[in-house]
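You will see subunit A twice below: alongside subunit B first, and alongside subunit C after that.
Showing the complex of A and B:
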């Protein structure tokens, strides 16, 4: 259980959206380094050192490739290539953490608050795909049980394929009618639909979200005013005010800190038991 | 004033010759548990759908319908709940919690209210454990329970259920009916449920309604429904639970009939105590012939679906003999469908042998024109064409045979219909014709009686008997339907943990069991030796 699962999915989504876009768009040596370290720590805490190590090996190859490509062909500098590579690695690490923490279900519920009909459609579709696949298997087995195995030739295979598809289509239509009945029987389309999500937005969520937004705002402000800036050509120049650096570092380390805090609480609790 | 009132209700589908419902007058009080029965096509579904305006089919309706003193059409969306037959296709979303919330979202309820109601329902129906699971991880019985909970979350005052247990195995069906009974008892919800299998549901009913050809031919409490049906001479009497049939065969006056096995047993005990002497019944002795050489033998067969999975069949031994109806019974996940797959050659065992045609019998070969054919549980998996005629012609190479099979399966009337546009029993017959056209020597049936009404089961059994006796087929069926197997099988086997743990003629088989056996056997155990059907008991009592 990750500490992120104790938070409201909206808080988690906002965090990932901000940290990834800041990393990608500001493309600043200090920013990408902080981001990389934060993502690496979070990943290590989330799924262990071994799995993170494996991921890192893959990312290293990718990063080296990016640097080489940039230096050789884009006539860029080695520094720029390095920053680009670290940015890439950090963003991918964040994405991989996102995949662990945010299930399609939590994502859907958050989207549902904004566009309810879209969330319902996705939920329906999520159910259809595995059902169709299972039904296809059943049809194939039933046809073989009748001795209607696809022949050797292309023609025979095509014929059998079309037959299977015909059955699937009929079945899908039939079952969709049932689903539609079931939806109408439960008042779908009578107007005024609300969207439900089982998560509560707690005071803790408020606090965490406030920290996230404050840190991000400081970084954005600092970047917009030019205080936080970098120049690679013609000569390398970089400025990074302490406040913005600390704010972004805090933002990136936040998930790892929350994770550590939870771990610590459980350690002390179980040592008392 | 009754809660639900129907006055002279008639309904006709567009272009139909006869009305689907004709002149129904009915009053139902709040809190009643009504069981609606009748053969397929008698108008049960049509009636139930008339009571739920959102699902009412197009057609011509006349007469009055009122609910709680108002015209039914004006009732709010959450007043009437409706459960459909298929547990799978009526689920809308992919997660259990989302499904529970679906109806409440449609009502536009605020998050707090939805949280309250979903958690309340999860607690009431004991589904808290799978609250956060995806719907696909649930069994058929759990899915139907989820459908019930999702509807009850909307707090309907009237709950309609259209054969909700027809797709479930007996244990899941009993669980579902138990949940329905609790709903009625503990919340006072009025329930109208249509059913084919009456043994389990009749004891729960406060009243039984019987439809025949769109007319209400009987309306009585369960203890009196037998007398009513006898009076009208309805063939549905044969579908009533064993205790009721036993009672009316022995008693001429119309008193309250026993409904449950316990009551039936009490009645039989009293009946026999009044007579002096010991019952001298003995059933006909089993023939002691040596069994003929088997058509197919499974020897020490082991099968698993994946290398890392557990064995589904574990050292399975089975013989299928020529000209017999062999029934394999057993609970869920005992490996019944897997066994059929192995026999049909669809699944390859990793150890053991499937030997075919030992003893010089006809070699059974898989493939086109093969001698083993499998009729799947869902007959619609077979239909590839857009009319029944095309469907059958595609599988036939011989016009004479085609004609014979069509006559045999009684599907002449259906030839120009779309194979998806027929009732469940009809689809079963068309699929059977499809299968017979491949000229099998061995016919494999997967739960063939699921969803069949009592009258059609009789005809289906007669058809199987004809195929076996006159055309020399062998039939291997897997089934949950104890009563059907007891009456019609030549040999019964119990499958448990991937092995056959008991086998014998129905009489040997069912008299050896005390729980997993026919209602007649449970009623007569220790009273009438060797009786496994109501007819056996009657023969014993009158001897």
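Showing the complex of A and C:
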């Protein structure tokens, strides 16, 4: 259970949207470093050291590619290439945390208020995917029972794949239109839709959201006025006011801090029992 | 100042992609699709995503684009667009969201839309070889260009030919395999899927 799951999905989505876009668009050495450290800590707490290490190894290859591309082909400097590489790594680390924290249903509960039909279509599709995968296994078992096992060659495997998919397709269309009629019989589309959403926007959400927005606003303001700026060519120049740096660092460390706080509360409470 | 403007290419492109996807979404809502249309679209999206699993023994074969194209061919440009965009989104719920999601959604959506514009209402004959050819070209050119350009913008935050060509060259093998498998899938499986979809469309009186 992540601390982020105790928060309202809107708070979590706002956090990820802001931290990722600030990292990518401000592209400042201080900003990308803070973001990278924050994302790395959060990922380590959320996904464990091993998974984070594995991801880092993959990111290193990507970062090397970004540096090479910018230094060798674009007119960039090594510094610029490195900043870009750290930015990429930070953004992808944040996305890897996003994929753990924001499950499809949290996403749909938030988006469903704006685009209800689309959200319903997506949740239907998400429900159909595992159903089809199970059906694919059943079809394959039935095919084996009939003695139509896939051969070893490429052609045989392709043929088997197509045959399985053809059976699945016809089954899927028929059963889905039954689903549609049954939905209509139950009154879909006669009124507004409610979502099963156990989330409530609590005072804690208000507090966390206020911190997020205040930090982000300070960084954006600082960047827009030119106080937080960087220049790579013709010579490297950079300025980073303390206020903006602290604000962005706080923003990036917020998820890790919340995670640690939850862990600490859990430990102290359980030791008292 | 130049660098300040420079790395806004990515910001501007992201905002444009977001606005395009939002417009698709609002158009879908505004038309108030009935239950059957909605479920049929969900089925096509799920089939597109699950089809990767049917070919798990051949990991490079991803029939997703071919299913999106057939949806456009039979149900029209709008449906192709919706099935394409949603397939991109839903498959990334399973394989992981990232900065690539909006671009993949746009790529699939535009190819599905093009297939609808060309083949729906029988403008072009639904010949399996013609569908395969159009599918391969559209996958290579439209989807490949969109996704690779997004990589250029993300990797260099710049839009110059000097830094772009290595990314495009690196993308060629992937796009070529994607285009070839889409063509193969359309040629071998396209007519069967199209006739199954046409039958369902007729049987249930969908527009």
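We adopt the following convention: the second predicted complex is superposed on the first by the 219 of 273 C-alpha atoms of A that agree within 3 Å, B and C clash if a C-alpha of one lies under 4 Å from a C-alpha of the other, contacts with A are read in each partner's own complex, and residues count from 1 in each chain.
In this text, a residue touches a chain if its C-beta (ideal position, glycine included) is under 8 Å from a C-beta of that chain, and two chains touch if they have at least 3 such contacts.
Bear in mind that the values here come from a model prediction, so they are computed numbers and not experimental data.
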item	value
Subunit B versus subunit C as contact partner of A:144, first or second or both or neither	first
First, second, both or neither for A:239, with subunit B first and subunit C second	neither
Which of subunit B and subunit C A:198 touches, first, second, both or neither	first
Contact breadth on subunit A, by residue count: subunit C or subunit B	C
Touched partner set for A:170, first subunit B, second subunit C, both or neither	both
Which superposed partner A:117 touches (first subunit B, second subunit C, both, neither)	second
First, second, both or neither for A:126, with subunit B first and subunit C second	both
Contacts of A:77 with subunit B and subunit C, given as first, second, both or neither	neither
On subunit A, the residue positions that both subunit B and subunit C contact, one per complex	116, 120, 124, 126, 131, 164, 166, 170, 173-174, 176, 179, 181, 183-184, 188-189
Subunit A partner contacts - residues on subunit C that touch it in the complex	2-4, 7-8, 10-11, 14, 25-26, 28-29, 32-36, 38-43, 45-47, 49-51, 53-55, 57-58, 61, 63, 82, 86, 89-90, 93-94, 96-99, 154-158, 160, 162-163, 165-167, 184, 188-189, 192-193, 196-197, 200, 203-204
Contact set on subunit A toward subunit C in their complex	21, 24-25, 27, 65-66, 69-70, 72-76, 84, 88, 91-92, 95-96, 98-99, 104, 107, 114-118, 120-122, 124-126, 128-129, 131-133, 136, 150, 154, 157-158, 161-162, 164-166, 168-170, 172-174, 176-177, 179-181, 183-184, 188-189, 229-233
Parts of subunit A lying in touch with subunit B, wherever the complex brings them together	105, 116, 120, 123-124, 126-127, 130-131, 138-139, 141-149, 163-164, 166-167, 170-171, 173-176, 178-179, 181-198
Parts of subunit B lying in touch with subunit A, wherever the complex brings them together	52, 54-55, 77-78, 81-82, 84, 86, 88-95, 97-98, 101-111, 114-115, 118, 135-136, 147, 150-151, 154, 341, 344, 346, 366-370, 373-376, 378, 380-385, 395, 420, 434-435, 438, 444
